Structure formats: C-alpha cells, structure tokens
Amino acid sequence: MKKLINNPDKYVDEVLEGMALTYPDIYAIGGATGRMLHRVTPAQDKVGVVSGGGFGHIPVFAGYIGEGFLDACAVGDVFASPDMNPMLESIKFADKGKGVLCIVANYGGDRMNFDMACEMAEMDDIEAIKVIVADDVASASKEEAKKRRGVAGFVYVSKIAGAAAAKGYTLSQVADVAQKASDNCRSIGVALSSCTVPQAGKPTFVIAEDEIEIGMGIHGEPGVGRSKIGTVDETVDKMLSHLLADRPAQAGDRMAILVNGLGGTPIEELYLILRRAKAQLEDVGVKLEHIRVGNYATSMEMAGASITLMQLDDELETLLTADAVCPFWEN
Amino acid sequence: MKKLINNPDKYVDEVLEGMALTYPDIYAIGGATGRMLHRVTPAQDKVGVVSGGGFGHIPVFAGYIGEGFLDACAVGDVFASPDMNPMLESIKFADKGKGVLCIVANYGGDRMNFDMACEMAEMDDIEAIKVIVADDVASASKEEAKKRRGVAGFVYVSKIAGAAAAKGYTLSQVADVAQKASDNCRSIGVALSSCTVPQAGKPTFVIAEDEIEIGMGIHGEPGVGRSKIGTVDETVDKMLSHLLADRPAQAGDRMAILVNGLGGTPIEELYLILRRAKAQLEDVGVKLEHIRVGNYATSMEMAGASITLMQLDDELETLLTADAVCPFWEN
Amino acid sequence: MSFTTKSIQNTISEIQQVVDPIGAELNELDGRLGDGDLGVTMINGFNNMKSIIDDMPEDLGQALFSAAKAMTAVSGSSFGTLMATALMAAGKATKGREAAEWSEVPELLQLAQDAMISRGGASLGDKTLLDSLDAVIKATTGINDPEEMQKAASNAAKEALAEFINKPNKIGRARVYAEKSIGLEDPGMVAICRLVDAIPAK
Amino acid sequence: MSFTTKSIQNTISEIQQVVDPIGAELNELDGRLGDGDLGVTMINGFNNMKSIIDDMPEDLGQALFSAAKAMTAVSGSSFGTLMATALMAAGKATKGREAAEWSEVPELLQLAQDAMISRGGASLGDKTLLDSLDAVIKATTGINDPEEMQKAASNAAKEALAEFINKPNKIGRARVYAEKSIGLEDPGMVAICRLVDAIPAK
C-alpha cells in the first residue's frame, strides 16, 4: 500500500483534523466521538440539512458543509456507514425548531442508521425526515430504480436542499424539492484502477492494464461491463447511452452536467469527457445550463470518472445557482 | 498507457477546448495556432499579466487566467515550452498601454522564448518584462538558487502579480512585488508514482512499490533522494527540513502554505500533510496566515505532493487575499 | 404477576452482570466474518442501559424508549440499532400503560420483529438474529408463565442456531463471505441465545 | 560594393528557392535526436521572410528586425528563436545605417553569436550551431570580398561539423540522448552548412 498516511486506524480522524485545520472558518469537529463535522457558525431560523456516510469520498459527504449547503454531517469509517449517534448529533446540531432534512445515499447501513436517528430525534420532538439519493443507473434496472446506489447526484441534491433551506423553505418544501432533484438525477461511472482501503492495505479489486469497467460503484461494486479501454469519446458515448436509455432526452431539455473525477484521474481527462458529452448532448437538442468538472465525489486514489445529469426546471436552476459558501463549490 | 484520451497528438488542443467549454465566461482560446488562452473579457486600463509554459500541469499555467490573476497565457505541448508566438500573442492581448509582466517558470525553453517575445513586443512599443519563479529547493543548491526550477510557487506569484495589477500598480511596481513573492517562496515535492506523457505512451520514470522520491520535479526530474516510504508525518518532516534549511524560520514569521497534490494523490492525504506541517511550523513559532490544500500544480496522474511556503509581509498578505475570479482559486 | 418497568430494570441488571464474558465470545465470532464489534456493542449497550435504570419511568412505553436511547447512545452497529428499533417498537405498543401480561410478550416481540425487518431490509432465512427471534416467538406464543416462557425461548433459539449453521449468510457484512459463512454460527443468532439465557426467569 | 537591404533581400530569396530539400534533410536529422521540426522551422521561416522582403525598409537595422519578426511569426522552435535573436542583434548594431562594409560582417556575426549565447544559455563546445558559427567567424575575419568570404565560411562550417561529429550533444533536446548523439551530425550545425552554401555570393 503506497499512501501518504500514518496509522490506518487513525486515518479518518486525522484527515478530518486536517480538513478542519485547512478551513477553520467553515468546518468544526464535534460529537462525542468526533465523528460529526458541522458548520463553525450554526445557521439560525431555517430548516436544517444534514447528511452522513462512509469516508473516502471527499468532498462527499462532509465536504459539502457550508452556507447554502449542509449544516452538519456524520462521518463513518472508510466505505462504512457511520453509527446512528453522529447522525443524531448532526440532526440536533442542525435543528433550529423548523425540522431537519437528512440527505441519505442509498446504502443499507446509512439508511437504517438514519431511520433510527430520525426516530430518536422525534422522541426529542425534532422533526427529521429523509430523502434518498439513488442516482447510479448501473446499480439496478429501471424497474428496481429504488435499489440504486447513491453517487455524485448527492452533490446536486445537497446543493438544492441547502439552497432551499437558506431561502426559507419549510421542511416539507425542502424535502419535496430535494426529492425532485434526486428523481431528476442519473449518474454512471467508469473505473480504470482500484483504490486501497487503508485498513485493508491492498487494492479492493483488480483490473487489467488495458481494461475499463463501465458502471463500477464508488466502493468498487461491480458495474455493467468490463472491456478494453477505447478512446475517451467512445467511453463517453457508452456512458451517455446508459444514461439516456434510462431517461431519454428530448430536444429542448435543460440539464446540469457534473463530470466528476474519482480521485486518481487528472483533470485534463475530465475536460475531455465534458467536451465529448457536451457535443453529444447538444446534438440531441439538450441545453446544458450548468457545467461542473472536477473531483466532487471520489474514491480516494481510484482512477476513473462519472457523469451525472440532472434535468432542470426553473426552481432547480435557481437553487442550483444560488450563492453558497463551501470550499468545494464555486459559485 | 491507461488514460481517458483520444489521439495523443490532439490531447492538448482537446483539453483546452474542454476547459473553455467548462468555463465559457472565463477562458477563451485565441492566437493563430490556438495556443493562447485568454480572458473572455479583457481587462482595461491596467498592467497586463501573462504567463506560458508546458502543458500537463493544470491549473498551472493557463488555469490561473481570471480577474485578479493572469490576462492570457501561452500553452505548449505536454511538458514542452510553447513557441514564442503564443507568448507574444499573450503579451499583445494583455497590453493596455501600461506594459505587461510575464511570469516565467525557470525552464530553459520558457525563458528563452519569453525573452524573445519581450524583445519582439518592445519592437511594437510594448513594454514587457519578465519575473522568474525558481522555488524548487531540491533542484539546485542555495548557492545556485537562480538555476532552480519553478513549481507551485508560480501560483502565489501569479496571484500576487494579478492582484497588484488589478489594484493599479505600475509595471515596475507589479514586477517588484512579484519578484518579492518569488524570492519569498520555497517549495519541495515528493513523488510516489510516475505520470505518462500521452505522446510517449509509457511512464516517464519507474519507482518501486515501496519507495518515495523526495525533491522530484514536476516532469520527473531527479530529486534529492529515494527512500522507503514512511509515515506521512515522517515524509513531511523531511520535506520541511529541506525547506527550513534553505530559509530558516524565525518565531513570529508569517507564512502562507500551499499543500499541493500532483494529480493522482487523493485530497484526504493532502489534509494529512497539512495537519503535520502546520503542527511542526507552529512548533517553531511560525504563524500560518493563509492555508491552501488541493491540486494547484499537477503532473497529470503522478501521485505525490508538494509543500510551498511563502514568507508574508503586509503587502503580500493583502494581495494574496484580494478578491479574484478564477475557477482554481477560492477567495 | 405481570410485566412492568421493574421487570425491565431487573432484566437489564442481570444481563449487565454477565455481559463481559458474553461480549468477549461475540467479538470473537463477529471477527470471523464481520468487524468484530458485536461484543463491544453488547457491553457498552448494557452498561449504559444499566446506568439509567434508576431514572426509568413507571410508564412501560417510556421505560422501553429510554432503554432504546441508552443503547443507541453508545452503539450504532447493526445489532445495536436493531435492538433499539425493537425496544422502540415494543415501547410504542405499551405507551401509557404501567403493566402488561406476560402472555403479551410474544406479540410485542412480533412487533419488534416487524420493525427490525422494515428497518434493516433483511428477510427471514437470511441467517440473522431475526431467524432466532422468529423461532422464539413461535415457541412462546400461548405461554403465560415467565419461567416456562424462558425455557421455551432458550430451546428455540438454540434450535434455530443449529438449523442455520450450515446455511450461508445473506445480508450484512457476512454476506460478502457467504461461502465461508457456511458452517459458522451467525454472531447475532448466538447473541440471542446468550441474552435469553441471561434473562432472570421471574 | 557593400552590404545593404538589397543583400538581405537577395539572400532570403535565394535560400527560399532551395529550402524545401534542405528542410527535408534537416527534419530527418532532427528526428533522430530531437523532435524532427528543424526543417519545418527553416521552410516556414524562409517562406515567411520571403513574403515580406518587398516591404523591407532601406534602414539596414529595420530590415534585419523585420526579417527576425517574420522568422518568429511562424516558428518558435530553438533554431527559429536563435536565428531571430541573431538577426535582431545584428539589426541593433546597424540601426540608422543604409549600408555596411562586408568586412563588418564577422563583427556582426560575433554580436549575433553573443546574443544567442546569452539567450540560449549554451556554451561553445556543446555541439550546436554556435560551434559552426564560431568557426565561420574565425575564418572570415579580415576578409572583405563576399565571394572569398563565403568560401571560407563554407569550409569552416564543414570542418566544424566534422570536428564535432564524434562528440556528444550537451544542450537542447539532443542532450537527453548524449551517448546516442556521438557519431551523429548535430542538425543545427548541418543547417549552418546548408545556409552558408545557399547564400548567393555577390
């Protein structure tokens, strides 16, 4: 294992420390076990927005704390759901009497623990509800869309929910628009190399020097097909065909696109993906109103990328482009 | 070679296209050969600030175009100096009658071609002068400091010069403060793995699975020593000892620190570097007034990182924190 | 003779006194296929529940809620969350009452079972604590005497453990090692056996 | 009989007429150790200089400047930049004059040489066009007749090429292949030979 780390058992806590030291005005470490990250300056008089999930995906999840984004976030071990305790701590931190929305990527542990945390919060008279992000089209068929994993679509849903809360939406309004954002998101990834979980010490999976896996999950979950690597244009075309098969694009559709690097892929290559995807989508009449390219949802040093499309309407576009203060989101 | 690319011969031009498509309000491609990137909206009535250099280091060089940063930038092939022509085009684009500062990383071709471009500009009655960035302490001894390569210190020098120009400094004032910034910068890098130049098709160098090279250059130039990889704390301590041997820190010194990823290293690990560096520097009484962690000067998919320290005074701090509009610099 | 807050307090106290060796065994079992934290969950959970029993209200529902909170406050692993889920489901059904008949216990367990299924997404047959609980519910339905009930539960839990040992784990961490899990006891099922046996039968 | 803008125009015209085969040879040579663009530099450079000769002013310095600009406008490779540097250095020394003595040419070449050394950072002995030029300067100093001068220059450039063929390249792209470069002609040195031979001797 070739990493710039110390003791693997302390990896998560030390990285969190580093994050908080880098952005002392934005992130603070809290909670009984130090596994809640929260805004340094709590927001007042608005619906709270929180999340939580396994580690190793920075900026997902906790990186999206900030004004107009998340108020707090529970942090698990690498690729493992956090306990419900930091989730409950996050909910309590974020609650200002108007309720709290929990944005949950669709992984078993995250769902179960957030369910529990919401129920616990209710016992303390805090209204906390969940919205599930399940955008990875490669992880289940259209019929079983509810079983899909949540990946980079999380970023959009968090931005939309955070902006809605900041604008004074009520809890049910924030939940509705977050649900709409989630419903409108489709993602697919490709992996070129594995990552290594520090505590495991060796690569999560093996892939040949000339192969690429379409649809691989952000923890190395199997995708929809392994093949010889082609040109980036060919790869993008395959990715788009999966996305558009799931939700066909109409001429005139307005969309946001997020070209996301998994951590080990240079940004140069992400621009090549955007270049092809934009040309292909515009070819079918789609209007790309909002473009992001960068490392927004990663798997440590995994090489690869994902494309997320979100169908836009006026409300989503207004919220997506609303001002926010977060190190990982430029306005 | 496992990359998400098309034809290696078109790599640079296609990536530039992708950049401009991603940030259509900020970057535009110009010049006879399409190798000048420039601001979409030219600045008026200020000293121009330009740069130029080999490709494969995004955001260095052209990524730092933006308000309060560079006006234009010449783009070479991967790891190869651009011709003097796009340099001259950049100078002409940036000139608003108040002269142009060229920020040049200390590589033979870049220097020679910028010298020529400045001389050519002079023939058109444009005053263009150079400031050299030579911050890599591993690339030459203190006695031969003028021969040092320019690395991530470029980012600070560009920010300082861009801010000074935006504030209305004259050319000689911009040059002076850029030179001060450059003189105050010290950097050192470590590499864990090689990158691959697309046209070469195979890794630039080979390094064992358990080795790390301290002081390696951003093109794979040999460093000051290869050793078994230790903990990140040990690695940071070695890096700092080189930096502080070159310019000892005094208690009370104010510094900016840039922890920079080379492209293939996950940001999680960069936070670990910052965490240790901050503790060690504060231990000797240094005040870190300005902290940046991220991929600011890369070598495509190379795994590794660099630390840059810049000694601050009031003027540098004001300029460093001045507002800027650039996708790769948050304010 | 009925089921009251006092019964809950007693049960927690008695189990807490023997939880250390039980925890050690469960950590070891969980380590073979999972992350080896099941015993930690049990030990921390029962220690923390013990620390709050003196503050338990007479209201049976509220008492069960407070136990659930004490459990989750120190553990968020699957077993801890599921056990808290179970306590809360039983609490909801008894809210406002100060006593229940012992014969109601299987019904309460059924409510707990349903809640755990809907929360955790597992099915009967996946080789989890749910299969043990299912056997316990079936074996205790219709019994009114706590001592008799415990004996029936203890036997049922052991039989379920034996029945499932040669089946593969189909959910949770152990699922990844489905093949390897054949022939191994599921740690959650063992936990149910140990808990039932540690309950004071009065 | 002196050196004027007319001489420059003639020189460029004549070389441009034969630059295509020269360029092909130089591309091939440069491809062995470098990036194979030296011939492209020559061809584009001379074609572009040719296209502007009619607009050249009488002022010798200004004429040389305009040649330098035309060169760099189409090529930024080392040879192009160095040649432009040379033209500008000579231009600076003759600014304001309409004619120079042929006997001044070696001095002008020396100024060009100095400028190229300071711009490119190479030293004599690095196996570059500088070593050819050095030989040319030495061989032509004191000569006043252009025909005689060209003969001396041609011989000197060829001798330098022969002298350096078995030495390693110490600068530029070819330096990376220093060992491999032993026994190979430096493409920039060959370029000097071809240029000198193509100059119209009048």
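A, B, C and D are the chain letters, set down in written order, and residue numbers restart from 1 in every chain.
Rule of thumb we're sticking to: a residue touches a chain if its C-beta (ideal position, glycine included) is under 8 Å from a C-beta of that chain, and two chains touch if they have at least 3 such contacts.
This one's a predicted model, so the numbers in the text were calculated from it and none came from an experiment.
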If I average the CA coordinates per chain, which chain comes out farthest from chain A? D
Taking each chain's centre as its mean C-alpha position, how far apart are chain A and chain D in Å? 60
In whole angstrom, the CA-centroid distance of chain B from chain D equals 35
When centres are defined as mean Cα positions, the distance from chain C to chain D in whole Å is 91
What are the residues of chain D that contact at least two other chains? none
When you check chain A against every other chain, which residues touch at least two of them? none
With chains as vertices joined when they touch, what's the shape: line, ring, star, complete or other? line
In contact, pair by pair, are chains A-B, A-C, B-D
Residue set of chain B touching chain A in the complex reads 2-7, 11, 14-15, 17-19, 21-22, 56, 58, 190, 192-193, 195, 209-210, 212, 229, 231-233, 235, 263-275, 278, 291-293, 295, 298, 300-301, 303, 305, 327, 330
Can you check the complex and tell me which residues of chain C touch chain A? 35, 65, 68-69, 72-78, 80-81, 84-85, 88, 119-121
Interface residues, chain A side, partner chain C - complex: 80, 82-88, 108-109, 111-113, 115-116, 119-120, 123
